[in-house]
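We call the chains A, B, C, D and E, going by the order they appear; numbering starts again at 1 in every chain.
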Amino acid sequence: MATQADASVDERIRTETITTRLMKRPELGAIGGVILVTIFFFFTASPAMFTLAGIMNFMTPAAQLGILGIAAALLMIGGEFDLSIGSMVAFAGMIFGVLVVNLGLPLILAIPLTMAFAAMVGAVNGAIVIRTGLPSFIVTLAFLFILRGASLVGLKMFTGGATQLRGVRDAVAGDWLTPLFSGHAFGGLFRWMAEQGWVATLASGTPTVPGIPVSILWFIAVTLVATFVLLRTPAGNWIFATGGDRHAASNSGVPVRRVKISLFMLTACAAALVAIITVIDTGSTDARRGFMKEFEAIIAAVIGGCLLTGGYGSAIGAFFGAIIFGMVTIGLTYTTFDQDWFQVFLGGMLLLAVVFNNAIRKRVTGER
Amino acid sequence: QNIIVVAHGQANDPFWSVVKNGAAMAGEHTGATVDFRAPEIFDMVAMGQLIEAAVNQQPDGIVVSIPDADALGPSIRRAVEAGIPVISMNAGADVAAEMGALLHVGQSEFDAGVTAGERLAEMGGTKAICVNQEVGNVSLDQRCAGFAEGFGNPVQVIPTQNDPTEVQSRVRAALESDPEVDTVLGLGASLVGEPAVAAVEALGRDDVLIASFDLSAGFLEAVSDGRAAFAIDQQQYLQGYLPVVFLALHAEYGLMPGGDVPSGPNLVTQDAAGLVIDLSAQGIR
Amino acid sequence: MTDPIIHMDGIKKHFGNVIALNGVTFDVRPGECHCLLGDNGAGKSTFIKTMSGVHKPTEGTITFEGRPMQFGSPRDAMEAGIATVFQDLAMIPLMSVTRNFFMGREPTKGRFVKRFDLETANRITMEKMKSMGINLRAPDQAVGTLSGGERQTVAIARAVHFGAKVLILDEPTSALGVRQTSNVLATIARVRSQGVGVVFISHNVRHAMAVGDRFTVLNRGQTLGTADKGHIDAAELQDLMAGGQEMAKLEGSLGGTV
Amino acid sequence: MTDPIIHMDGIKKHFGNVIALNGVTFDVRPGECHCLLGDNGAGKSTFIKTMSGVHKPTEGTITFEGRPMQFGSPRDAMEAGIATVFQDLAMIPLMSVTRNFFMGREPTKGRFVKRFDLETANRITMEKMKSMGINLRAPDQAVGTLSGGERQTVAIARAVHFGAKVLILDEPTSALGVRQTSNVLATIARVRSQGVGVVFISHNVRHAMAVGDRFTVLNRGQTLGTADKGHIDAAELQDLMAGGQEMAKLEGSLGGTV
Amino acid sequence: MATQADASVDERIRTETITTRLMKRPELGAIGGVILVTIFFFFTASPAMFTLAGIMNFMTPAAQLGILGIAAALLMIGGEFDLSIGSMVAFAGMIFGVLVVNLGLPLILAIPLTMAFAAMVGAVNGAIVIRTGLPSFIVTLAFLFILRGASLVGLKMFTGGATQLRGVRDAVAGDWLTPLFSGHAFGGLFRWMAEQGWVATLASGTPTVPGIPVSILWFIAVTLVATFVLLRTPAGNWIFATGGDRHAASNSGVPVRRVKISLFMLTACAAALVAIITVIDTGSTDARRGFMKEFEAIIAAVIGGCLLTGGYGSAIGAFFGAIIFGMVTIGLTYTTFDQDWFQVFLGGMLLLAVVFNNAIRKRVTGER
């Protein structure tokens, strides 16, 4: 009487196309926004924006934001926030600067020490959140202030009164690790391409794009690793579970505390990485580095489809979220719009991009 | 003696940290206790409340900056009413006297902007961008407005956030999208001036004039190398130092100079830059 | 008679001013199914949560395999070999069936980098669900979109899969269809015969009588006593479970046992 | 025979690529208890959610008291006189029992400013819960800290209190103790005799037989047919509910009906 | 056999003291923090802080923040965020300034018009959130930028290029509604008290405290109304339900959409109220008004015990949260700590206050 089901062909499932399957993935939702923003600037911005040089130009800030955004995304998927990462950029920058300039340590020591400092602060954040059961929003907010203040005090102490510590570029100039954290990669390739005439050159004959800024490579690497961890490792499963419902996760045997503390340490280390890259790149650090970056990181993660309530999101989404944010902030300078309207456009474009993402995904998955 | 300084710029702002250093040094020199207070963000409402808090403590003198006379007027008048001597600094030269301040130490942001504009126009600038890292902060807006007036040629204001990487990208974008732009004025040396120099270098252009308000060691280096035109120095150390000294002397001997003290503007150009780099790195200039 | 795997003695549990358990003693032996019965709010779920490391008892001792034991977390309990189906199932609605199934104990592959072996996991999930009588459409369906019974089956299949020494089932059949229910009861019988100790909570006297070896009745946070199979009949048990209070007038048509 | 209060015709419901309902026809008459039965995942909950305004049907028509009707929201359905106990209970764990009980339909007092009459609400809540066999400790206990059965009882008591014309109960007895179950069954009998149409979903054949007047069986999103009381016996019904698939070997000890 | 329960004396309940009962209320949790902060400043700050004038001094910013904080708390309890309230303060201030200064409207027209504008923007926020199903975080974030930008553009347009609009005080000077929104109440009483010598006077003979600032009265009024609505009206029940679980609430017949849109309109109106009060008080408005106030409002609500996930919190909690925040920010200026350490202290005090709240509540309620 009942229709016996065959496992392979279930009459309770409609067939769906590959596009539909792909678009269902949270990772890919944010692509719609990138496309929309690209089209918008394609018609409104100066063509310089989409030359190789122009792309590198907006990708560099996007990459620095993105590294933070992906870490923030992992933490948000795990159900917590870290509002202290912006201040951590300043703090870790200060530590790093002092280590290489004042103490003259080589990078091979300075970088691990900086990371260790950051991880320790992250662990403290996490431990307080777990011990007290307070929302991480308020705990890390306290550290937002504390670390920002500590950077100022520290900088003044080590420079004898200024808020800027400089001389980093000279201090690391000869270090064999420097090329990993600053400058451009594949310089030879680009020079060769310039000689072939494939890449535009400056008047002096050097290519307009001397290579791919290493921060972009770090950005891509972080995205790939984070995606792999989230989707293909037990740790990823634990992160989703912890953020989805910490009691259910804990009852099922997920080591919720360990997951959360690790995530806090991870975001702090991501902030330290950004600090190291920017400090070496600019050659200096100051007390206002990373100001408001905590919010931009959360914005990137949310544009990329992370839920603020935890348990849902993706690293690739945050990747595209950071690119959207970077494109919009830098892109408007390429247009002829009155720059007073900058924030209005920024807000409008962000809204459009996420609404568009959302509309496409709903249409494709047939929700509602 | 006890002297309270209420400023509208934060202690971690490179410009204001110099003011604060000046005030602290004056405290050391005169033996007065100096407290430096500022709201955490440019916020006139909060600043008014800080002045009120200062009045409540009945100090021997209050030093204030007055970026918005309407908003801060009542609080300053209350200080005067309470018999506390007030000296204004940095912003508010035009209104200081009518508020009851004894004198003003500083320089009008607008005038400084005009000076910079005139100088850059003289040096051959024809089209400029004014990079403002905090649009809506009235003193910064005035710098751009003064610059536009002094420059006489088209000026575009580029708003940015507090991030050197972003500033560099945006300056570069502005230069690329409009190749006619040949002048860049930054409103802060470390946050805008240095990245602007980097952006221009990355573009391989050597015809762009770069100037910046305030000093930073890195930017001064660029000036002394000839990569940047000049830095506009208000000698804001004086804005912190002098009022405190005046108030201390006033409290002790009843002394007070007879008029306002202009602390700037002072353009730091290639020949002078090398001399001030070290002072700047110590937070004195 | 074999020694109990786990023995709980004089367990009390207070939540603020609420007294949920007021001295409960209970044990489970290998290869037996010990039914925990009682009225709503009697404290059954609170009790088994204490047993599986979710709550720390306010008072009382736990002895596991002869040694005193304090489970710090459910993970500790799981590692000791206790698997539980909680009444609220402990599932993450936004996650897929497979990911929920293996949550906390993922199978891995790969020599250097331990990857979550999703293929194996998917296969096991589909198999186990099928053996419980549920044909899933796909192992990557989100648990939140499953029907109530499907979801409960995932939780049971998971616990059975990982229940090494003790299997605790808190009202596992409440949302199940007839076919799935008989599958679960058969499963209980099977694991019991493999030497696993089973704790089975139910409001259905018939289910309890079908698989239970011993019956402990809780009432208002206290034990009313333990009876062996054969020493008590369904009607008596039902009376005890109702806490001795009279029942509404519909029993006739229900034939004595609800 | 009286006209149906609500008549649903050819209801289909798709979720993305999942087909949950594939053409279901069903009606409820005043003063009858219509049982909706079926295997796990058959689509029962999805169907009654369509009836109570939670889902919009992908296809099919709803006729309420003779007129075609499209409920825009559960509130519309409630205002038309349909009250539902959802399988997930639709309770807010952090809110008190009273606040959950009256959520969306608070009693008010006061002439100018309409205040939430908490005293009345508390009183009614305690009373109704007591009449269902649950002695609450306090009406301001958070629902999240209630036991499973206590929570289900709140949902049932609420629906009965507000169910004016149609009362829909999705597995209301699943977490209930024996006493509470017989109370609920008695309550169903009582409201039915007052002319309310009851839709009762259950996996327990005995409960269905005890109160049902008609029985409709769903299987894999489709109706297997409707039978009147007396035209079908428990064993047949159970067979239908299992979707015709064979059952595990334990039936003997369960006496035929699970 | 079973102990038959008596409804009035249930053996399953331990007796608890009245203090315990009181401390369990989320409203009162934040009091612990207030006490701790008070004790701290009692020992470290100049005694001027706890004179009448000193108290009014820190209560004024607390009041302005608190009005926003309470609105934010209601919205958070209802499960949403509004990040645009800070910008809304600037925007509504601009609208209001233009109405009274440029158009010369009397307050009786200007205030309702400003409110209507704000409510409209709030409704748009809410409608977008509900229509698209996007998180309110990202939607209102777009409005954070849009409104901030619009204030800048509007101010420049109406002042002919400046970012500051002045002259409001003169424009409203004679208006009969002005005393409701600016200055001090009970001035006569305080003058009389000064004459009696109960209140300190300035050199000129006027009392140091000319009266209670009206913003404090508004703050108290808003707290009382919000508490009443939350705890004693059906609307309050709907707000809790909507935030607790919007599907469950909707399934139980709560008009979830209506609740959310009303809450968005309410927060926008609270921002407009703060804008009107501060604009009349300072006599001017500028493009940076209300900067970061959205976060401070959320902070106040969270210190006061609101959950970021919605469904839990109280208006009185936010009241105390705002007072804690106001006391700490202003209070540090009464101490002799170096301003460089300001942020470190701010963060530390916030953390201490919330940890203390929490510890007390746990101890009292016997949780865990």
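Definition applied: contacts are C-beta pairs under 8 Å (C-beta built on N, C-alpha and C of every residue); 3 or more make two chains touch, one makes a residue touch a chain.
Here the structure is a predicted model, which is why all the values come from computation and not from measurement.
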Notebook entry, point to check: Among the remaining chains, which ones contact both chain C and chain E?
Noted result: A, D
Item checked: Least step count from chain B to chain C, where 1 means the two chains touch -> 2
Notebook entry, point to check: For this structure, which two chains have more C-beta pairs in contact than any other pair?
Noted result: C-D
Notebook entry, point to check: Using each chain's Cα centroid, which is most distant from the centroid of chain E?
Noted result: C
Item checked: chain D-chain E separation of Cα centroids, rounded to whole Å -> 43
Item checked: Chain centre separation in whole Å, for chain D relative to chain C (CA means) -> 26
Note to self: On a C-alpha centroid basis, what's the spacing between chain A and chain E, in Å?
What the structure shows: 32
Notebook entry, point to check: Which residues of chain D are in contact with two or more other chains?
Noted result: 15, 18, 88, 137, 243, 245
Next item on the list: Return the residues of chain B touching two or more other chains; collapse runs of consecutive numbers into ranges.
Entry: 11, 135
Checklist line | Touching two or more other chains - residue numbers and ranges from chain E | finding: 5, 12-13, 148, 152, 340, 342-343, 346
Next item on the list: Return all touching chain pairs.
Entry: A-B, A-C, A-D, A-E, B-E, C-D, C-E, D-E
Margin query: With touch defined as at the start, can you tell me which chain C residues reach chain D in the complex?
Written below: 15, 18, 38-46, 87-88, 133-134, 137, 141, 145-150, 153, 171, 174-183, 185-186, 189, 203-207, 209-210, 238, 241-243, 245, 247-251, 253-255, 257-258
Checklist line | Interface residues, chain A side, partner chain C - complex | finding: 5, 7, 10, 12-13, 232-234, 236-238, 240-241, 244-245, 247-255, 311-312
Check: Within the complex, which stretch of chain C touches chain A?
Finding: 52, 54, 73-75, 78-79, 84, 86, 88-95, 99-100, 102-106, 108, 113-116, 118, 126, 130, 135, 137-138, 158
Check: Given the complex with chain E, which residues does chain C contribute to the contact?
Finding: 14-20, 22, 219-221, 224, 240, 243-245
Check: Given the complex with chain D, which residues does chain A contribute to the contact?
Finding: 1-5, 11-16, 20, 24, 365-367
